[in-house]
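Two complexes are shown next, each including chain A; its partner changes from chain B in the first to chain C in the second.
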Partner chain A sequence: MAKIIVVTSGKGGVGKTTTSAAIGTGLALKGKKTAIIDFDVGLRNLDLVMNCERRVVYDFVNVINEEATLNQALIKDKRTEGLFILPASQTRDKDALTQEGVQRVLNELAETFDYIVCDSPAGIEKGAHMAMYFADVAIIVTNPEVSSVRDSDRILGILQSKTMRAETGGEPIEEYLLLTRYSPERVEKGEMLSVEDVEDILAIQLLGIIPESKTVLKASNQGVPVILDDESIAGQAYEDAVNRLLGEEVEHRFLTVAKKGFLKRMFGGNQ
Partner chain B sequence: MTKTEDTIEELKNNTIPNREEFKPANEQNGGNLQSKASLNNSQPPSGPTFNLKGSQLTLMVLELHEFHFDRFNQQMTQATQRAPNFFQQTPVVLSLEKLSNPNENIDFIDLSQLCQEYGLYPVAIKGGSEEHQLAAIVAGLPRIPASKNRESLTPQKQDSSQNKETKSLSTKAPVDTATLSAISQTVTRPVRSGQQIYAQGGDLIVLAPVSAGAEVLADGNIHVYGPLRGRALAGVKGNSNARIFCHSLEAELISIAGHYKVSEDLRSQPLWKQPMQARLDSKHLIIEKI
Partner chain C sequence: MKFLDYFKSKKVDTASIAKDRLQIIVAHERHNRDQPDYLPALQKEILEVIRKYIPIAEEQISVNLDKNQDLSVLELNITLPDEEVA
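Moving on, here comes the complex of A and B:
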């Protein structure tokens, strides 16, 4: 039975798509057959980050409307074995996502996949609801700033009520915090919230801290998930996060201000 | 079935009501009745006979899924058996937003009378179609528009899902949660921004943080064994003996029986970010060490 992971945030532009691409690729690298679904209907960009936009024939909405089969719409990743992308439609709006349709597609994927990663759109509207509704695991992507943390808190509340597990009284969804675009220097200067601040407010398990790094933008412009860039500390941090997701205990590398000197060197080397 | 939600009748633009305006539901009703009486008695013209004030009340919401007289009656009987005095002249808003058939014809006169037999007094409908609105007007019930986005975020459902522990002690019917909470309600998970939890008829115990943007309410005391960053309103039906306790005072607002302090006032307190209790001393909200 596949595990369904939703990557969500409430606030836009915090790094959900970057994270979905990285975590999905990371899971596939670990030998897990993984599909990444773009729920951002109308604003698709997962296919750009995954560099498969030129191979899109059918999309998620086509499958929901039974205009195409799942196999026709799934795009096999060229770099990573066992990784597939289900792109979003650029021409429809999010009302095209019906609960029954989404469920049918997820059930079909669950027959053959180990992990299904759902890249949620921003906001708390229909697309975000559909992306989270059937999830087993939620990765809450948060930037270390007050508005992002507030939105994450809100999303956590919605996860507790507007999901299948909540509505049927099943086991609660596993919730993980992924702090992205973290800059220890700016935390030091008091311009950003610290890991402790964010953990204190959200009170959920920390899956990882992804440092702010120019390699992320470079990678997505080139259509390479940043996790494949061994040189990038953001890529390494994503790798750690994947290992933790799979149950390994990995020390947080970018957690404390005490390690700042070390981080600075790392940053210096990578920007 | 019964959920609560703050019903906002905004005649003024401020979201946080003024001290005088912030009255518990009971008192507010009393106020309305008085003004009606003065109108009828046609007193000599000496000053205004009433004042219209915007206010924010906490009302119970009855979320109707369908209206079938016998089954409704049966569920009500069951609900009230456990706590015979559970509803005592409790005003309630009939929400039609969760009707399984949104076009169902509802006899609001029947429904109203039936509710009243159990001590629930419908004061308005919420949501529903134009037909519902017309039928409700005939039954003397005005319509409050359906909440849009806020609705999907506010707590109605969360309320019960927050209380898995409580709920699993009893059967599945949501009414049981309500009945249990008549004594006290315990919440073990964080209360998140946008969520609202109301412990009707008793105390609310939260064993986790209450986030900024969240709201906890109780007819009795509120205990937060964690930081209180959102809004906490104890004694919402006017119990001035109610208290609020928390491990760290970081609240947006605390209120006891309608007497409140907002974050701006609270920040200057020596106990800001410290453990504290709040109580009422002849209408003054006292914040002190525990």
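Moving on, here comes the complex of A and C:
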């Protein structure tokens, strides 16, 4: 039985798609057959981040409307074995995603996949609801910043009341916090909420801390999931998060200010 | 660096301000969230029924639902006006 993971946040621009791409790729690298579904109908972007934007023929809504089969719409990733992308539709029809349709697609995927990663749109509208409704696991992507933390708490409330598991009284969804764009330097100066602060407020298990890093933008510029960049500390932090997701105990890294050598201080250096 | 910091004016720890503000707003919103969606409508209807008999203002009625493991208590609090209606 496949595990359905929703990557959600409430607030936009915190790194949901970056995270979906990284976690999905990471799971596939671990030998788990994984599909990443873009639920952001009308504002498709996972295809760009995964560098398959020119290979989109059919999309999620086509499959729901039975205009295409799942196999026709799934895009096989060219870099990572066992990884598939189901792109969102660019339609402006807000009601394109129906609960029955989403369930049918997820059930069909569950027959052959180990993991299904649902990349949620921002907000709390239909797309976000559909992305989380059937989830077994939720990754709440949060920036150490007031509006993001507040929206994450709001999303947690919705996960606990408006999902299939909540409505049918099943086991609660496993909720994990993924803190992104974290800057230990700024935390040390008292300019940014610390991991502990955010954990105190949201009170959910910490899956990982992704440090602010220039490599994230560089990766999306090229359409390469940042987890594939071995040099990147953000990529390594995502790799740790994937291992934790698979049940391994991995110590959190990149939480302290990296001591820079004299040359690095003078000339800077890429993180 | 630490030596130079000593001479700089003392900076405000804005992160702790953020945390305090978040803790208050999140606690407030969690309380409201735990209430069922029908509660505001229920409160309005009860208010209208009571108003048929006693003139009371909107803020004189409060409806609260407390949920425990196996017991839910619907608490209705009405402040009656001082003057008894004959």
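Operating definition for what follows: the second predicted complex is superposed on the first by the 252 of 271 C-alpha atoms of A that agree within 3 Å, B and C clash if a C-alpha of one lies under 4 Å from a C-alpha of the other, contacts with A are read in each partner's own complex, and residues count from 1 in each chain.
Methods note: contacts are C-beta pairs under 8 Å (C-beta built on N, C-alpha and C of every residue); 3 or more make two chains touch, one makes a residue touch a chain.
As the structure is a computational prediction, the values presented were derived from the model and not from experiment.
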Partner chain(s) touched by A:I201 [first = chain B, second = chain C, both, neither]: both
Partner chain in contact with A:L246 - chain B first, chain C second, else both or neither: neither
First (chain B), second (chain C), both or neither touched by A:V57: neither
Partner chain in contact with A:E191 - chain B first, chain C second, else both or neither: second
First (chain B), second (chain C), both or neither touched by A:R154: both
Doubly contacted chain A residues - partners chain C and chain B: 150, 153-154, 157, 161, 200-201
Residues of chain A defined as touching chain C within the complex: 145-146, 149-150, 153-154, 157, 161, 187, 189-194, 197, 200-201
Complex contacts: residues of chain B adjacent to chain A: 149, 152-153, 155, 157-158, 161-162, 164, 167, 172, 189-195, 208-209, 211-214, 227, 229
Residues on chain C engaged by chain A in the complex (per definition of touch): 11-16, 18-19, 21-23, 25-26, 29-30, 33
Sites on chain A touched by chain B in the complex: 124-125, 129, 150, 153-154, 156-158, 160-162, 166-167, 169, 172, 200-203
